[in-house]
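Both of the next two complexes hold chain A, though its partner changes from chain B to chain C.
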Partner chain A sequence: MTTSRNYTDLFLPISAWLTGFDTTELQATGMTATYYATITTKNTASCIDDFFAQAELVLQEGGGDEDKTNSLIASQLFPTSCYNNLAQNIITMWYTGEWAPDVNAAPSLAEAHNISPNAYVQGLMWTAASTHPPGAKQPGYGSWADPPIGPPVDAPLTSISNAR
Partner chain B sequence: MSQHYQAPAPRRRQQLFRPDEPLHGCGLITSLDSLRSHLQTAIEIEHSTIPTYLTTLYTINPITNAFAYQTIQSVVMEEMLHMTLAANIMNAIGGHPAVNTNDFIPEYPTYLPHSDDAFLVPLQKFCKDTVDVFLKIEKPAHKFVPPEFNNYKTIGQFYKAVKYGLRYWDHVTPGGIFTGDKSLQVTCEQYYGGGGKLTAVYSLSDAVLAINEIVGQGEGMDGTIEDPDQVFFGEDVEYAHYYKFNEIRHERRYRPEDTANCPPTGRRVHVDWDAAINMHPNPKMKDYPVGSPLYNKTLDFNQSYMRLLTCIHDAFNGQPDLLMKAVPLMYDLKYKALDLLNLPLGNGEMAGPSFEYVAI
Partner chain C sequence: MDHEYDVVLVGSGIAGAVIAKTLTQAGKRVLLLEAGLAAGMALSPEPSYANYQRYLETFYSKANKATNGPYPDLPDAQSPDVLQIEAKTPYDEGYLVQNGPLPFASDCLRSPGGTTLHWLGNVPRMLPNDFQMKTLYGQGVDWPISYDDLKPWYEMAEYEIGVSGDVAAQVGPDMDRSNYGDDYVFPMKEIPQSYQDQVWMKNTENLSVSLYGKDYNVTCVSMPQGRNSIPNPAYRKTGIFWNDETKRLELAGDEPGKYEVVGAIWDQNTGNRCEGNASCVPICPVQAKYNALKTLKKSDHSKLDIATQAVVSKLLVNDTTGKLDGIEYKVYANPASPIYTTKVAKGKIYVLAAGALENAKILLSSNAANSSDQVGRNLMDHLVMLMWGLFPEKVYPYRGPGCTTYLPTFRDGEFRKDFAAWISPLDNWGWSWPTFAPGSDVSNGLAAGKFGKALRDSLADTVTRQALLHFECEQAPDPNNRITVSPQYTDLLGNYRPVIQYDASDYMRKSFEAAKKVGDQIFAANGIEDFTDYNPSDADYVTWKNRGYTFWGAGHIVGTHRMGSSPADSVVKPTQQTWDHDNLYLVGCGNMPTLGTSNPTLTMTALTFMAAEAILKQLEA
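So, the complex of A and B:
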């Protein structure tokens, strides 16, 4: 069974609200297509249809207002009974590159796993912490003696409203 | 001068160069200042190739196109060495390398600085046309071409003129010209992992060695290209850029029996010409609306690039230890370029690094 339509146009904007990184930052990881494929294979088509229908409403009603949108996300998308925990899983996926355990699965199937080797490298948690994934994106010998290059830790969050 | 050839360097880079030329041709340079300004050109020439090689490098996958990736990467690291060697020569004769000025970065596509404007050097994805341009950049000089500061056909010609100039002015200047502050030299202690050994320059012979390293790595030493009997290829020999690029172009390695003026005939190597990221050629900040996400990302890249150039400028002008601090900036620049190459423009092409001057 497939979803009633392709939701890639909604996947990035809702991911931006969920992660606090703007859509360009998300695209720059090169992981968008992989992650969209992940959510559609890890969830039923009806779950995906329902989630994005609700996400679209949330974005429309929120109208770009940060507080309003966040509170709509909290009430409409976040309850763990909704959409098989999809909203939380999307956040975990972008930040860690892992697909989180399925809350409704039998314990033996509930293993978290890395989506791909590149997903680990592109995890937003490294950017958020102004560091690099151990074993990848090496920053150069001796760089650990200096403050991290780049924006302060909170920069992606403060720039969120401009980018959308 | 005798006509024997100098022995290859210890690391087995094949460097066959003819002994020093007599002092003819030195009238090309009319003053020490003019010599210094041409060394500034040398730094600019070496630098101008780096954005183009880096851009192409970043459009290919290091795993699925490993041969092309490793080859281009080895070349670009040697260009960074050449730029530093040219700065060392400049400092040795009392000049001041300028790396952070607004006219230092060429506007791509660009002709090689002070060349005969025979071809344009672009920022574009990996493809056969791009490698053809790389071959033109590194094209070996004919043995008998005259030294040429301006309108040179090959970079070797240009460096021949620089060598003549250095030798002449060192000869006619009382006390010599290598009187620059020795503490300005970048030494191998500050330079690691970057395509060969960095030589500090304190004398004419150091400078000649440095130039021979630059030209030898780039196009091979003069004479080898048209000498069909000269055997100089092999697995354990690291040969000049021109031949490295020619291996990519022909998808074959050279064999030890191959000659310099023929294509490689060794084993085939896998080159996936179609696997490059479809980057829009010669991207510019002005392609995007001011303040748009793509504009901001490109601006951010260029600011990182300027921070890097400023760091290198300071390293070349009295703080050589800063070169170590430039390395994290280089990695940062790479990751920002890779980010840009993930951003679709909506027409099937992707954004890319623009390497433009911005104020920081």
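So, the complex of A and C:
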């Protein structure tokens, strides 16, 4: 079964609302195509169709208003009971690089895998915490002796409203 | 009898690598038997790079970042794995057969390069008083050698590992300049202390804490580390050589500014500085951190034969001469298949460097070196108690090497008569050890209904404030903490699996109470909100005076074939020759009679250089 259409146009904006990272930040990970492929292979086509139909409504009704959109997400997309927990799985995927249902179903911790090696490296939880994934994107000799440099990652987000 | 090799050596961890390098450079022919895969033994640029990148890809791909994760799991030569530690005993579904009452909680790695592939690389020296625990504090045993005896060998070990640190900063109980000597410096300058350490220090340096009616002054000291920093121009040593005239191993050179940083095995120009990958355990991507392959690579390879996928199973002891006639080993082609060929290696001298668990196992399997009945006994580790909490301000953890600062205050004192001493590293990696943070912060956030900006903000607010204080408590030797073997428990090749009996004595439990009392005062002084949670479901949960504490293993597997001054109660002489077989030497942390509060590898490496000299002397006699 395939989905009734390709939803990549919606995947990024709804991911931005779900994760708190704007679409540019998400795209900069280089993971968009991999993650879209992950959700479509790990869920039934009807689940994907229904999720994105709802996501489209949420974005339209929210009209870019932060409070309104968040409250629609909270009631229509986020609950575990909705769409096989897809919204939360999407968040975990962007933040950690894991497809949570697969990690939870692994026969042992040693056999639990990330979506791909690069998915781990691109995990956004490290960015959220003003650091880098251990073992990658190393900041250089002695960098740890000072507070992190670079754009203040916890500053107010300006471009989240480029979600449609 | 015609011996092909001067020495047959088992294991290519740091102990084995030091023996291989020192002996071959002195012109001796060595056969190295290594249980791990041939691919991991690659030392030339392309294959070693390709192999190491496979480790790194595996590390990235695994959801759990446990210590052995990046490295191949070999059914034919299994390693203990921290992920196999369960909160129940007896338990025999992992590699270790855990008979308890508590599970032994540390692992090691069977692979070319051994456990240094995933060690952290903290290398403080032991204290002089650590060598006299019985005389001074009535605990455990005294060493047959003193700190002063070991001092020149420490310098060799610090050269070989390539230690970065500040000697002048090493001040604490039983520790000052005189431990090192007036002019001594480490090969490289100190690794910068983390930003987080600097915040800790504001309220911890010179903090007065009280414990059982006595006051102690807490101080913070930069940790000497086996990872590359800037060469110290004042360092004067240039190499370790066997002096044929004096029959001594010498740390030679007297020229400042000549120290050469040792880079990655695939490229001398990679990893010349620690780059702050913050993944030293379990893998340093650039090999700025020392690993034993660096030493092995420096061997004289025209004198060194290496057999990989060669698992030593038995020593062939000649009952008439009391000597070893050979070593039996099993060679596998496929690490998951029970098919193997048995071979025998012969040399003038045999050296076991297979790590404390496997050395003891091989001896017990062969009924060797055990007239004292001490083989396998006195298994020790540092029992690690952790305390975690949130700083009032952002300290930005998860950056830099695992530890750049430690508190030396409780490493020595009269209290050692009563409870165990400890060293307190300040950890740079947040709550990752006890809670699997920050992944757990994401899932906790979701469970609390957070998403979007609220989730991002909560991570930015809390993960950046995570503090972890760490107590490595010195386990005292106990003959009942031991490894044995039994025909009931074998692996795929028919070799024995280690059967472990293990507990934490009252001496240890009281130190948890003491450490927690000190930790509470340090947290309070720093305004840290305590989130520590010791749970009866934790694998190593113990109680003392009706309060519960959890400890973790430190990976410091020590004491299973201890050294001593009498064959009645020890397995090896100070030279590390076994009392029972004069052509058998043991090297590794198994030789250490007590543990002290230092991570053990530096001390063990110093001992291994001592053993290398003794072996060379015996070969030349």
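The criterion applied here is as follows: the second predicted complex is superposed on the first by the 143 of 164 C-alpha atoms of A that agree within 3 Å, B and C clash if a C-alpha of one lies under 4 Å from a C-alpha of the other, contacts with A are read in each partner's own complex, and residues count from 1 in each chain.
Just so it is clear, a contact is a pair of C-beta atoms (placed from the backbone, for glycine too) under 8 Å apart; a residue touches a chain by one contact, two chains touch by 3 or more.
Predicted model only: the values in this text are computed from it and were never measured.
K.L.:
Under the superposition described at the top, does placing chain B and chain C together on chain A give a clash or a fit?
P.N.:
Pair status: fit.
K.L.:
For A:V121, select first, second, both or neither according to whether it touches chain B, chain C, the two together, or no partner.
P.N.:
second
K.L.:
After superposition on the shared chain, which partner residues are touched by A:E98: those of chain B (first), chain C (second), both, or neither?
P.N.:
A:E98 contacts chain C only, not chain B.
K.L.:
Between chain B (first) and chain C (second), which, if any, makes contact with A:G30: first, second, both or neither?
P.N.:
A:G30: touches chain B, not chain C.
K.L.:
Would you mind checking which one, chain B or chain C, touches more residues on chain A?
P.N.:
C
K.L.:
Name the contact category of A:G62: first (chain B only), second (chain C only), both, or neither.
P.N.:
neither
K.L.:
Go through the superposed model and pick first if A:A129 touches only chain B, second if only chain C, both, or neither.
P.N.:
second
K.L.:
May I ask you to decide whether A:I149 touches chain B, chain C, both, or neither, giving the answer as first, second, both or neither?
P.N.:
In the superposition, A:I149 touches chain B alone.
K.L.:
Touching A:I73, do we find chain B (first), chain C (second), both, or neither?
P.N.:
So A:I73 only meets chain C here.
K.L.:
Regarding the shared-chain residue A:W17, is it in contact with chain B (first), chain C (second), both, or neither?
P.N.:
second
K.L.:
Using only CA atoms and the superposition described at the top, report the least gap between chain B and chain C in Å.
P.N.:
Comparing every C-alpha of chain B with every C-alpha of chain C, the smallest gap is 6 Å.
K.L.:
Jot down the residues of chain A that show up as touching in both complexes, chain B in one and chain C in the other.
P.N.:
Dual-contact residues (chain A): 138-143, 146.
K.L.:
How about chain C: which of its residues touch chain A in the complex?
P.N.:
That would be residues 56-57, 59-66, 69, 73, 81, 83, 192-195, 198, 229, 273-279, 283, 285-286, 394, 396-401, 404, 428-429, 438-439, 441-443, 446, 449, 451-457, 459-461, 463-464 of chain C.
K.L.:
Quick one: which bits of chain A touch chain B in the complex? Just the residue numbers, please.
P.N.:
Result: residues 22-24, 27-30, 137-143, 146, 149-150, 163 of chain A touch chain B.
K.L.:
Residue numbers of chain B touching chain A in their complex, please.
P.N.:
For this pair, the touching residues of chain B are 192, 293-294, 296-297, 304, 324-325, 327-332, 335, 338-340, 342-344.
K.L.:
How about chain A: which of its residues touch chain C in the complex?
P.N.:
Within the complex, chain A contacts chain C at residues 17-21, 66, 70, 73-74, 78, 87-88, 91-92, 95-96, 98, 103, 106, 108-110, 112-114, 116-118, 120-121, 125-126, 128-132, 134-136, 138-148, 153-154, 157, 160.
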